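Chain naming follows the written order as A, B, C and D, and within any one chain the residues start at number 1.
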Amino acid sequence: MHPAQNIPQEALPQLLEKYREFVKEELFPIDLKVVQGPFKSFLPILNELRAKAKELGLFAPHLSTQDGGVGLNLVQFAQVSEILGQSPIGHYVFNCAAPDIGNMELLHLFGTEAQQSTWLKPLQKGEIRSCFAMTEPKMPGSNPVHLGTIAHREGNDYVINGHKWFTTAADGAKFTIVMALTNPEAENPYQRASMLLVPLDNPGYQLIRNIPIMGEAGEDYLSHGEVKFENCRVPVSNLIGKEGQGFALAQERLGPGRIHHCMRWIGICERVFDLMCKRAISRQLDPGKALAEKQTIQNWIAESRAEIKASRLMVMDTAQKMQELGAKAVKEDISTIKFFVADVLMKVIDRAIQVHGALGITDDTLLSFWYRHERGARIYDGPDEVHKSALARSILKNYSGK
Amino acid sequence: MHPAQNIPQEALPQLLEKYREFVKEELFPIDLKVVQGPFKSFLPILNELRAKAKELGLFAPHLSTQDGGVGLNLVQFAQVSEILGQSPIGHYVFNCAAPDIGNMELLHLFGTEAQQSTWLKPLQKGEIRSCFAMTEPKMPGSNPVHLGTIAHREGNDYVINGHKWFTTAADGAKFTIVMALTNPEAENPYQRASMLLVPLDNPGYQLIRNIPIMGEAGEDYLSHGEVKFENCRVPVSNLIGKEGQGFALAQERLGPGRIHHCMRWIGICERVFDLMCKRAISRQLDPGKALAEKQTIQNWIAESRAEIKASRLMVMDTAQKMQELGAKAVKEDISTIKFFVADVLMKVIDRAIQVHGALGITDDTLLSFWYRHERGARIYDGPDEVHKSALARSILKNYSGK
Amino acid sequence: MHPAQNIPQEALPQLLEKYREFVKEELFPIDLKVVQGPFKSFLPILNELRAKAKELGLFAPHLSTQDGGVGLNLVQFAQVSEILGQSPIGHYVFNCAAPDIGNMELLHLFGTEAQQSTWLKPLQKGEIRSCFAMTEPKMPGSNPVHLGTIAHREGNDYVINGHKWFTTAADGAKFTIVMALTNPEAENPYQRASMLLVPLDNPGYQLIRNIPIMGEAGEDYLSHGEVKFENCRVPVSNLIGKEGQGFALAQERLGPGRIHHCMRWIGICERVFDLMCKRAISRQLDPGKALAEKQTIQNWIAESRAEIKASRLMVMDTAQKMQELGAKAVKEDISTIKFFVADVLMKVIDRAIQVHGALGITDDTLLSFWYRHERGARIYDGPDEVHKSALARSILKNYSGK
Amino acid sequence: MHPAQNIPQEALPQLLEKYREFVKEELFPIDLKVVQGPFKSFLPILNELRAKAKELGLFAPHLSTQDGGVGLNLVQFAQVSEILGQSPIGHYVFNCAAPDIGNMELLHLFGTEAQQSTWLKPLQKGEIRSCFAMTEPKMPGSNPVHLGTIAHREGNDYVINGHKWFTTAADGAKFTIVMALTNPEAENPYQRASMLLVPLDNPGYQLIRNIPIMGEAGEDYLSHGEVKFENCRVPVSNLIGKEGQGFALAQERLGPGRIHHCMRWIGICERVFDLMCKRAISRQLDPGKALAEKQTIQNWIAESRAEIKASRLMVMDTAQKMQELGAKAVKEDISTIKFFVADVLMKVIDRAIQVHGALGITDDTLLSFWYRHERGARIYDGPDEVHKSALARSILKNYSGK
């Protein structure tokens, strides 16, 4: 996963060009239809595209070559990720989409050999999908210490009981990693939870529904599950890492996860920006007088371009620093890009909708999909407010002694 | 329609209380389910509610008593409209929803006796629904002079050909009023179009689709049609007003229409504000520590309250002035509230979503419905940018001589 | 002070017209020069204007006729105040400027007969000026409970020691009212302070400096003093109201004070708006192509107009309610207008500067004066943040039982 | 000037540390007093500091070593410039302040040998100061093609007549470069103007006034002159470059000039940010409860940090690109940073003022100076609106063929 450096830097431009071409030629023509669904009906086509990606040596850009991937380091991957982000099916086709990519990272770093051979391998190959059950409807997601899900130890098993939601892509997944309290009495609240791998054919597990989100329940990869664990029994060997490490692993998982989201958002911004410019040029207010001549439209284009550029430079800077210095060194940077880029994303989408007029609110363009499905960007993986406070408090620590 | 004064002012508070109670007791418990649809399955329940409203003397608040209504003037109606706006089915149940209300006004003022007895009467009673076909996919809606739809005179008929969309609630309607060029060569571009009444069982008319908007095509009242007129033949007696008056009538129709939207939006704001406050109080970040204690949340509540209050005062001021001085006197005021209140609406909804966290983006509250379905508020009946420019140019006229 | 109703409502339009004319004919031609100062050199001219105002029956609009004023109630005064606010010397010339107006109100309501005859009478006639010493450099102004100034009782005297700043218009004033702790040990923190009247020729009082604010120390009415009380001895009879009532009286004084500020700010907005429109029309980008044709400029004009209108309606609504129901009933309303109108004020000024280009940052127009001297509007009498939190908490109280 | 590479990259960190130390130890303790003025009274101290800077090898960072400078390339200089920008006298002390730095660049690139030996050399050594007369009160500065100043050729002289303002630092300067029409009839409007060097002891030149800007006329380096040329005669040899090249040279001069401003603004942002954090930590709302605990304050700190970071990365990126590819390649980038960073600057200053409360609007901190003197940042060298439109139109050119 993100090996130090497998691909020589000078080969990158040509590789990026290949991704660009693939996305433009193969994904742009179909992605609007795919998100209109039903998603499962497109699985054959998507599998063909995955095969094509493999053939071209583009599949799984984040994995090392020995794991069947392209072997890009984090900074290189960031650039690919932006390209893939331009299509809502980009990361899926190249098998580097959340939540699978986070689970691959977790199992790669902390999985036992058995876990890796049974679950990680087929996941890396794109043969199965997975999900991650952490958020709970009754607990504030912004505080991962609060959990109602409990995994009680009974002999060589854990017995899990709990209620989760926003278990992304649960529908159709083969296993989930679930966050549950194993040591609810531990003094340190950050050592109370553990991560457990649960195969989804377990009778104690139930997918209650694909949550209707912003007008759509969706299905399969494009869905978010509400799930229940009732006396769900798994062997102790399904523990990821050690008992009580759940919170630490979650942090480990969420840091890069947030970078990945930001990369993808920039890709969305670029596609949306492109749609906005095309519309501004092609829409005639009067014969020969394009919408693009209006100064308000020009303002939006200029501001969007500036903000997207700022976003990209900040994300790339964070990726570079993380690659060199590790995840801990970029805690502030990650909070920064999380709220900054999410805000830019929503502003750019909103402007593009306004430029499109009535067409912008229909489902005839991708704008509606992203307007709805990325509103969550300012909420998931820590809402804006939590990241802002965290960043500020971290900065202010340097001042408190003065 | 909005008679000068039928209801004595002192009776208003009690009447408003009745509307409040009806909305809270009868509509709030079911409205989320109704918008989740399918809408048609709820028609029996909604018809019962209409019967109840009639019984209580609350039905059709905007109509004179001789037309079966409550007889409220515009200012009184504004206050009722805000109350109804708190529920997405409020105006429908009380038969004062767009586009019917606009069509009632048109036919009341300009319809022939035959048109009134055949179409207006059952519309006023809520026995049929109607729609209004003006916006065209290929023309900028912000400029109503540009139309591609043509009504060619042949003997005693008009033959209509054209393509329209955002024909709200076409699905299930009995007739539409269509805007078409009857005098495309008229020197004055504002005298080229006319309004024609088309019964929707006309073989030349076709509902192509309910447009998927923000994730939902919807149906019946909760839908927006894309429609076609192909050699659609109607008798000359179906003309509303005179030939060439289409633009003038549209202005007549849109002015109050925009006030009605603004009133409704304030109702939405109030419901959303209420949801936001309830969530802020009930969501615990830590045991005993409610979300409401966070200053950011307090800022949003305070700013929302201020902006809603400003909106209401401006809308009421405009309604008052319109009632006293007529539609022309409030052209600037209407532009002002159109963009101001639409902006407030979207900001309040957005804050409420953020306060709700993950729940806010699900369809488990009304927030998602309004976030999606009111994004159009900044576009329909003239986008923000058009109203701002119109207002500014009107103001600047007073300066140009200086 | 603001008698219930002295002036018949139907006489108001004509009266307002007189104020408008006076401000336009007498103040607009000189006010830029006066604020450029030195202020004292303009006192003879300003005194002539006051005499003229008296002659015309316009002087002291807020005072009852028996006190030598015009006898306007609060709502009527609000309309005059907006007109006067268009000029930075308007309220001064008509003797209804802060801090004198607040002190007149205090002494009118709570002053002893002796205090009224010695201090209130000449203040009402405009023969002397006064100031109000409350804010302290070392204490957060947003929390009036925290005071470092102490008035120690010694026999029939209070001996005051303390350090104040932002004692507006101290330079040239004849007396100040000072807020000091007289009962520092009182259990209820709101009953620790009292208000004392201090003649400024008292040897224990010292004006340290006129604080340089935003580039200018100013002088006289247009200044803010930093002052010291060192063993400043005043007789017990100089107490305003009762011992321990300081906080209560301050609330009494600040409520209407905030309304007065808001009224004045709207006047500023209108003058600034007028400057902006004139500039937009007169500035040519190319021969025959005025700045006003730019859509961005039009946006600013439209948005400013909408926001000013919203501000006015809210302030008038608050004044009406206060007049009918008293100060307590409008606590939320006052917080609302305080932060809403201050924000609008700064936005309108900022846009007008941008429209003026380089000229806008010079002192050749009033824009620079207001940009600098009204930045404090978002801070004095409670910063935005305090009013927002107060409003939100007050609203949320209605929810806490639910 | 900005030689390709004189200082090895690895020596930079230590050099930057030296600048940081100098600015902190030598400038921070006095800069508030210096800007409070009168500036000329501080010239002896400032000259000592310049001597010290020379001794330490830090003087004139932008000049090559053979010209007596440090020899930094643009990217290296950018980093120094940010450090110097933290103090309002930083660039002055190190002799790299506008308008001198721009004039040095002009004369270095386009000056004749005589011009260089007479004017450039002493300018580079800091022995004299210069100014640049371009903006005119009657012409929109945003359109440099419009000029009223004319230089008429008479024999071997030009005779200049015109009226300029915002001739920064004219007071005390030895020469100006003036932009004047020499070929008013040239078909191409971009070839009508020329640049002429005018020694300021020329009897045809007059400094009318130091323009009062935001409350201060200032003097010397800290002033902006309004100047007149009346039959001001200079020999043809005072032409910079060729006749008709004025516009081209201005572009040449303004491009890097805008980068220099942006670098400096980021320095201001950092100092202001530091003041804001210190205040947040040290101000107690209640004993033991610092302002920093308020979430609104935390939001401002976080947002400011994010925006400053974005600004720095964009400016550095632009500097890097300009260094590698030249000024033409970064035209879009320069427009981008010009409006983006100016906006961030004003937002950060505004938040810091609000955090400081009453203190923030006094002249007792640097905040007031920058709030007033940098409001022009959104106007000079092209207002926001012009840069946004320019950027958008440039982007849209790529779309017009589609």
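Heads up, the rule we're going with is that a contact is a pair of C-beta atoms (placed from the backbone, for glycine too) under 8 Å apart; a residue touches a chain by one contact, two chains touch by 3 or more.
Chain labels with UniProt names: A, B, C, D = Acyl-CoA dehydrogenase family protein.
Because the structure is a prediction, the values reported are computed rather than measured.
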So which one's got more C-beta contacts, B-D or A-B?
A-B
Farthest CA centroid from chain C: chain A
Between the Cα centroids of chain B and chain D the separation in whole angstrom comes to 53
Whole-Å distance, C-alpha centre of chain A to that of chain D, is 43
I'd like to verify one number: the distance from the centre of chain A to the centre of chain B, where each centre is the average of its C-alpha atoms, in whole angstrom.
38
Of all the residues in chain B, which ones touch at least 2 other chains?
294-296, 299, 385
Chain-level touch network, classified as line, ring, star, complete or other
complete
What residues on chain B touch chain D, complex-wise?
294-296, 299
Chain C residues touching chain D - in the complex, by the definition given at the top
36, 135, 137, 140-143, 146, 165-166, 211-216, 283-286, 291, 294, 296, 353-354, 357-364, 368-369, 371-372, 375-376, 378-380, 383-385
Residue positions on chain B within touch of chain C in the complex are 277-278, 280-281, 292, 295, 297-299, 301-303, 305-307, 309-311, 313-314, 317, 335-336, 339-340, 385, 387-389, 391-393, 395-396, 398-400, 402
